[in-house]
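Two complexes are shown next, each including subunit A; its partner changes from subunit B in the first to subunit C in the second.
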Partner chain A sequence: MKSPQRFLSENASGQAFNRRSFLGGTSLGASAIASNMTILNMLKSPALAEELKRQEKRVILLWLAGGPSQLETWDPKPGRPTGGPFRSIQTCLPGVQISELLPAMSQRLQNTAIIRSLNTKIADHGGGATLMHLGRRDEPNVKYPDLGAVIARELGRANSTVPDYVTFYTATEGRSNALGQAGFLGARYMPMFLTTDSKPENLSRRETISDVDHRDRAELQKLLSERFGRGRANATLASHNEAYSRVRGLMASEELFNIEQEPQAVRDKYGPSLFGQQALVARRLIEAGTPFVKVSRAWWDSHGQNFETHLELVAELDHVMSTLLDDLEERGLLEHTLVITLGEFGRTPSINPSLGRDHFASAWSTSLTGCGIKGGSVYGATDEDGNTVKDGEIGAAELFATIYKALGINPHKDYFVGSRPLPLTDPGTETVAEVLA
Partner chain B sequence: MPSDPSKLKIVKELNRSDILFSLARLPATNQLFVGSSDFAIHSLDPMTEGKESKQFTGHQSYVAGLTLAGDQLISGAYDGRLGWWDVETQQSIRMIDAHDKWIRGVEISPDDQFISTVSDDMVCRVWNAQTSEMVHELRGHAPQTPTRFPSMLFCSAFSPDGQLLATADKVGHVVIWDVQTGSELATLDAPGMYTWDPKQRIHSIGGIRSLAFTPDSKRIACGGIGQIGNVDHLDALARIEIFDWQTGERTHELAGDTHKGLVERLVFDPEGNWLFATGGDHGGFIKFIDLEKNEIIKQDKAPMHVHDVAINEQHDTIYAAGHGKVIVWELKPDETTG
Partner chain C sequence: MQRWVTGAEPAHFLCSPRLSRDAVALELMKTILSVTVSLFLVLPSFRATFADDLLPADQPIPTVIDHYIDLALVDTEVIPSAPATDANMARRLYLDLVGRIPSMAEAQSFVAAADDSKKQQLIDRLIVSPGFIRHQANEFDAMLMNGKGSIRDYLLTAFREHRRWDEMFRELILGESADVEQKGAIQFVRSRAQDLDKLTNETSVMFFGVNVSCAKCHDHPLVDAWTQNHFYGMKSFFSRTFDNGGLIGERDYGLVSFTTTAGESRQASMLFLNGTEVEEPAPKEPSDEEKKQESQRLEELKKNKQPPPPPEFSRRAQLVRVALESQSNNYFAKAIVNKTWNRFFGSGIVMPIDQMHPENEPSHPQLLEWLARDLINNGYDLTRLTRGILLSNAYARTSMWEGEQPPEPSLFAVALPRPLTPFQYATTLRFGSRSPETFASDLSVEDHEKRVEAVETSARGLATLFEQPYDAFQISVSEALLLSNGDRAENELLREDADSLVNKLKVLTDRHQIIETAIWSILSRPPTADEFSMFDQYLAARENQPIQRCQQIIWILLTSSENRFNY
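Up next, the complex of A and B:
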């Protein structure tokens, strides 16, 4: 029988094993595991080998807050009344064209799947952002974890010295829509949320506190919490304590946020923009083992002067995304890293009198690159003017199920809150097999 | 009989399904040529219910600039190409790759000798209007904004005496050029026309969208939009600044208190009685300003965001093209209306 409080994973044959007690108990990366013959023997188990393989997987979410236009990115309609002034350009994939604003990405689609058939129905910023963070609608009596929290839970290591879930969101507009939500997984999986810079504030130990004092304070906090928790079966308290237990590890990760540690040539490639710098930090974190990093670029809400806004923002996206993909590939990381571009919705095909495009959730696009993805694929299609999905319509649930599947996470697994099973994706949700490797 | 802006009224309004970015008028007629979001140039007479007689095709993006040079129509488009067309036959005379990026506007000198083109490649080129030979290549605008995003070169204007050419860009930088030599004579800045939001939304909007010299060529009027709080929208008052281009002194700063949006076009009355400005946000506006009194003579909503205008020889009829409409305004004194 499953122990609801311990969130047991389940392998394909139904054998239950506690992944975190296994990995967490060893507190090891792959090299340390290799030195332990007992562990090596355990790797003969296909389920455990798969589990370790999954551990290497990472996610970088490029969160395009405010809603970028699919017509000015992945699904252009040149020459149509809705198409706007931009041309489409031929990509490295035969027969596939994207907006001319993405020239660098047009030659790097061999590892990317473009999905052109999202119909997510919610076209307000708050509701759309919630949906595209959770992969489902929130419920009044259940707080679901967002994508980052799930990935941190599934792919993070218990005793990791790096944060499991990091979010950059520097602009102020829309930030409250994109706050991390660990939901029933608990505070342990809340993100490190960076808002003012590319470096976390207050991560360093204060000079007025010695290292010994700092350790002693942690021990005292632990002692008091344990005493307080005796006889109290409280998931919130447990989650709180678990988060505290990771403080020193997180403090040790401060240098990961320092891009001055990178060669100047690498920094130059990413460029001077904040988005570029944060993408570089994301790569450093991924490389060090952080399973989920969200780099937010706000604000794409181009109700006025859509084309000029996209001249600025898509040019930046093209540069940053192509540089990031090149860097990940050169380091051998792209195979294990899924890079997602996503916003809360797309933009209307119709062009308003301010030469803007408004909110539109009925037929829009996203991209998935790298880990677990069938590169060079295009899934779904919209009609000639981009008003409706004509082929392969999916919603947020299918997209999230596909993301989980690409990462080796069973999208149909259950979590338990008390005795209530809560499926990772809504029952009946199917993955998009066409974009999975 | 002088025109009377206080009598402004719409006498014709034609609905269209496209967005019209540019307009040229055949002299002494109601025959208009409009540059469209459907990449074509359409010929129509708004006074005969807009029945189209001709269509000129060949551009591959929005047609943002149109002007007439004798019996040739010259067009510039976001495809970077500049086209010469025979007005009668609608045949293309020539089409040249004029710029690397969007052509934002095409203007003609008062003597019809030169045309100027401005583009997001941040170059203004002056061409022989008849032969298409390039006369000057004017580089005075930075390719990037201070925050390293692509800048845009929105507009140019010849002075009434034909000696000067002004160009203006997204960050509010204006350059005055000598048309004969191509040399830079002066620079001005109207930074209030450009909004960079470094905190809430981290992108920019605005820029100088229109230019016009005063009838004596001594001052230059710049049109755009004021500082915007929410750069998602054209959410600021339409703004006009006028400079003595030789001293750099800003002589007028006009934002009004009513109409929001971009000033897309500025036109001076040749007698110097008024300046009119038109443009818009989701809606449109037109306003007439008495510069001596520094006050608005007349202002009104336009039924659409206006992108371009032409005015007749008597300066009492304005033809306007914009978002989904062509309209005709008259500003005739009562006894001549009709």
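Up next, the complex of A and C:
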């Protein structure tokens, strides 16, 4: 060790010792320089600059767990036997009507594409949720990554100091169906999964150790680990060092989860609901560079009292989603951020004796807003009662391919597991060009 | 250079200490090898798989391993890394054989011993210890159950009684629910009985090293010999298996049909991976009335927690029979040889380990062939195989590569750092955070064992928080956050318990002694001069926090990469 003060926590006068100055000669200093050089070099090359631009793209998934009704949201059938009690309202798009439960959204469709022609076939919660997380059916011996893991891998930065995949799922109903799955991409891309409140686990320093000690012990551990890594080129070993090197940065990102940092006016706009507050955290994370945030709202599974349930939940969705879109747009983030509403399936057009609607995967809807999307478009159509798709039928694979394409990711790229190529979407899957900008 | 020139067998001379890497040395080595190889009168071609071409069956396992590994090294002109240091070797052997790091006393006594055969003595001592049985049970539990339940009690009994691997296979596939002990084994089937595709594929992966799931929807894209017939042929062995209220039954009727990619509907027959078709008495499809009676009987049995009656003709029993027949048992034997090799080297002779098919050549085909033959000839004795591998020079190399580009892992020229399994890591963390006096050398063997077992038991909770390593494993940031900030990490590893390392270190006034004790206790080796200096500065700057500084040093060592891997 060249500098005897290397691990002094404080110098004699009590001021924090400037550790960066003597880190200059160590590998940490060298790697900091190297990463700056990388960015400079990337800017010189058009292909790499494109790559860098792509990496600014973000996704917020509003996961509507349990299966929202398309008839009470994006594809109303007023006046039909299947239509239910709610009316439809004219939107800002000529000739396009949606449920009256979405008044705010009806005036904000200029950046949104509505897709009304999903036929995903799987109508049980577990199977449907898996399908709509992976974009494909599960296989017995290949663990596929879910949408968030793919986006984290494709759009996140390896050395990011913010989390690159965050999931909020506070309710217990359906939570186990919506667990993150990094699959063959590896644990690096597992979500930070928040269940109990809006702050992640193990992100705050324990009171038993001072910040300076916490930092210094991490630095000495890093130094030791780096020395151990010399002459041992190994990806798993490198992932250990990388995981620890992200700890302090992630701890600093704890404030991103604290909405008290936001002006009261902004918090008021999002409202007091947990869904609203988590949407605001999502916006803060996106702004700070997190590529994928999933905010879940449960439980839309309205086998009984479908209309009361939707009166409440759709109103909340309308408020939170419109506020989020406005906020993103005002900050210039919407252009780079794709906001998706999706559940595991829709609900039956027929209304059961308990005034409920049951599971239904043959003709339902989703919405895509913002990044890469042709705003003000409506794709596909169902028949007059909403029982079947009559135009533009797509499945989960096409939806996922479209999402990837909107974000500038090649939907047909291959990952390799051993010698086996695993395409991001199944071969032959087409994107929905009509909703892409 | 003198030392290795005198080596008489190819198995030994390549791994003598500190080889020079120049071309002259390489040429000299090749000359010597060609002479020694000719002593065996074997000039193997890599495609040969016939027993006649293999080294004689009576050669010791380590000699054979080093012979074949060294042949490929010479062929590719790669000089392997030096042998690991004694301290490194002790740590590796303890982790591999008993699933924990050595105590300070154990590590130091191994390093201090002057006996040339100390490595063999240590292996022979650990491999008969109760710790080996527990560690085997943990490792096989993780491998077989994938975290979906546990069959540890069954495995403990099986390993304690030195049960043959073919016997265990039979019990895992056919175990009788009525038998107290086999009831545990059959959980392998029961935990997968809801999903027969999964049961089919995972049985193939675990016992035959073959992932057949590719052939489910279409003929295997990489392996011409495997068609959908093979997947459904394998599935046929399980198609009549069902779970009746937690007890496994098998019917006497039922056929598997599937649709080919061409849209043709086909009926599958029992077909083992090597193409052996199994005949069966023509099944009699029961009438609707009979089926109704059957289901009533099953309901009744379920209520009384009685197992369903055994079938007259068991398809699962046919699988066990055909898999262990002499013309097909090389799938079964090679799969466990490859898995065992992968476990101790961090890379299999065939990679990936679930792709042991004709289009995926082993790196050392004859070695795999020889080891499989040895296993079959010696009663599927996994302990013998393990001991043989651990005694080889190939196993004993350092994981440090001095040259520029490290060689391909498939050459086994340098040891690979292997991430610890959840049990190994949790036990290592708990073990490393105990005071060395907990495991002092003057304890009786029984007391020492009792204390070790207590630490292992105390680590079981922590172990559930770590992930089982897989191919190209990555360590997650949540693990780093847990150990950096989790209350559990602090309470279980850094608390001032009576027998904790913190307690031991905090009363030491000599900083060198603190560093020496901590590094020996956790990393099982002496500190380097650099480490003395780095830790000394860290401690000196914190004279006013005598407890916390010790906790911090312990944390640094416990969470360091060196302690996360078996290197």
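Heads up, the rule we're going with is that the second predicted complex is superposed on the first by the 356 of 437 C-alpha atoms of A that agree within 3 Å, B and C clash if a C-alpha of one lies under 4 Å from a C-alpha of the other, contacts with A are read in each partner's own complex, and residues count from 1 in each chain.
The rule is short, and it goes like this: contacts are C-beta pairs under 8 Å (C-beta built on N, C-alpha and C of every residue); 3 or more make two chains touch, one makes a residue touch a chain.
As the structure is a computational prediction, the values presented were derived from the model and not from experiment.
S.K.: Look at the residues of subunit A and decide whether subunit B or subunit C touches more of them.
M.R.: Touching more of subunit A: C.
S.K.: Output check: A:E329 vs subunit B and subunit C. Expected answer is one of first, second, both, neither. What do you get?
M.R.: A:E329 sits against neither subunit B nor subunit C.
S.K.: Return first, second, both or neither, reflecting whether A:D301 touches subunit B, subunit C, both chains, or no partner chain.
M.R.: first
S.K.: Once the structures are superposed on A, label A:E434 by its partner contacts, choosing first (subunit B), second (subunit C), both or neither.
M.R.: So A:E434 meets neither subunit B nor subunit C here.
S.K.: Give one of first, second, both or neither to describe whether A:M192 is in contact with subunit B, with subunit C, with both, or with none.
M.R.: second
S.K.: Based on the superposed arrangement, let me know which partner A:N352 touches: subunit B (first), subunit C (second), both, or neither?
M.R.: Once the two structures are laid over each other on A, A:N352 reaches subunit B alone.
S.K.: Please work out whether A:G231 is in contact with subunit B alone, subunit C alone, both, or neither, and reply first, second, both or neither.
M.R.: Second partner only, subunit C.
S.K.: List the residues of subunit A that touch subunit B in one complex and subunit C in the other.
M.R.: On subunit A, the subunit B and subunit C contacts do not overlap at all.
S.K.: Using the touch definition up top, name the residues of subunit C that touch subunit A in the complex.
M.R.: 195, 197-198, 201-202, 205, 211, 213-214, 216, 222, 351-352, 354-355, 360, 399-402, 406, 416-417, 419, 467, 469, 471-482, 484-487, 490, 530-531, 533-535, 537-538, 541-542, 548, 552, 555-557, 559-562, 564-565, 567
S.K.: Under the stated contact criterion, what part of subunit A meets subunit C in this complex?
M.R.: 1, 4-9, 139-142, 163, 186-188, 190, 192, 201-206, 208-209, 213-214, 216-218, 220-221, 223-225, 227-237, 239-241, 243-244, 246-247, 250-251, 417-420
S.K.: Applying the document's contact rule, which stretches of subunit A touch subunit B when the two form their complex?
M.R.: That would be residues 66, 79, 81, 85-87, 170-173, 272-274, 297-299, 301-305, 308-309, 311-313, 315-316, 351-356 of subunit A.
S.K.: Looking at the complex, which residues from subunit B come into contact with subunit A?
M.R.: Going through subunit B, the ones touching subunit A are 17-19, 37-39, 60-62, 78-79, 102, 120, 148-150, 152, 199-205, 231-235, 261, 280-284, 304-305, 322-324.
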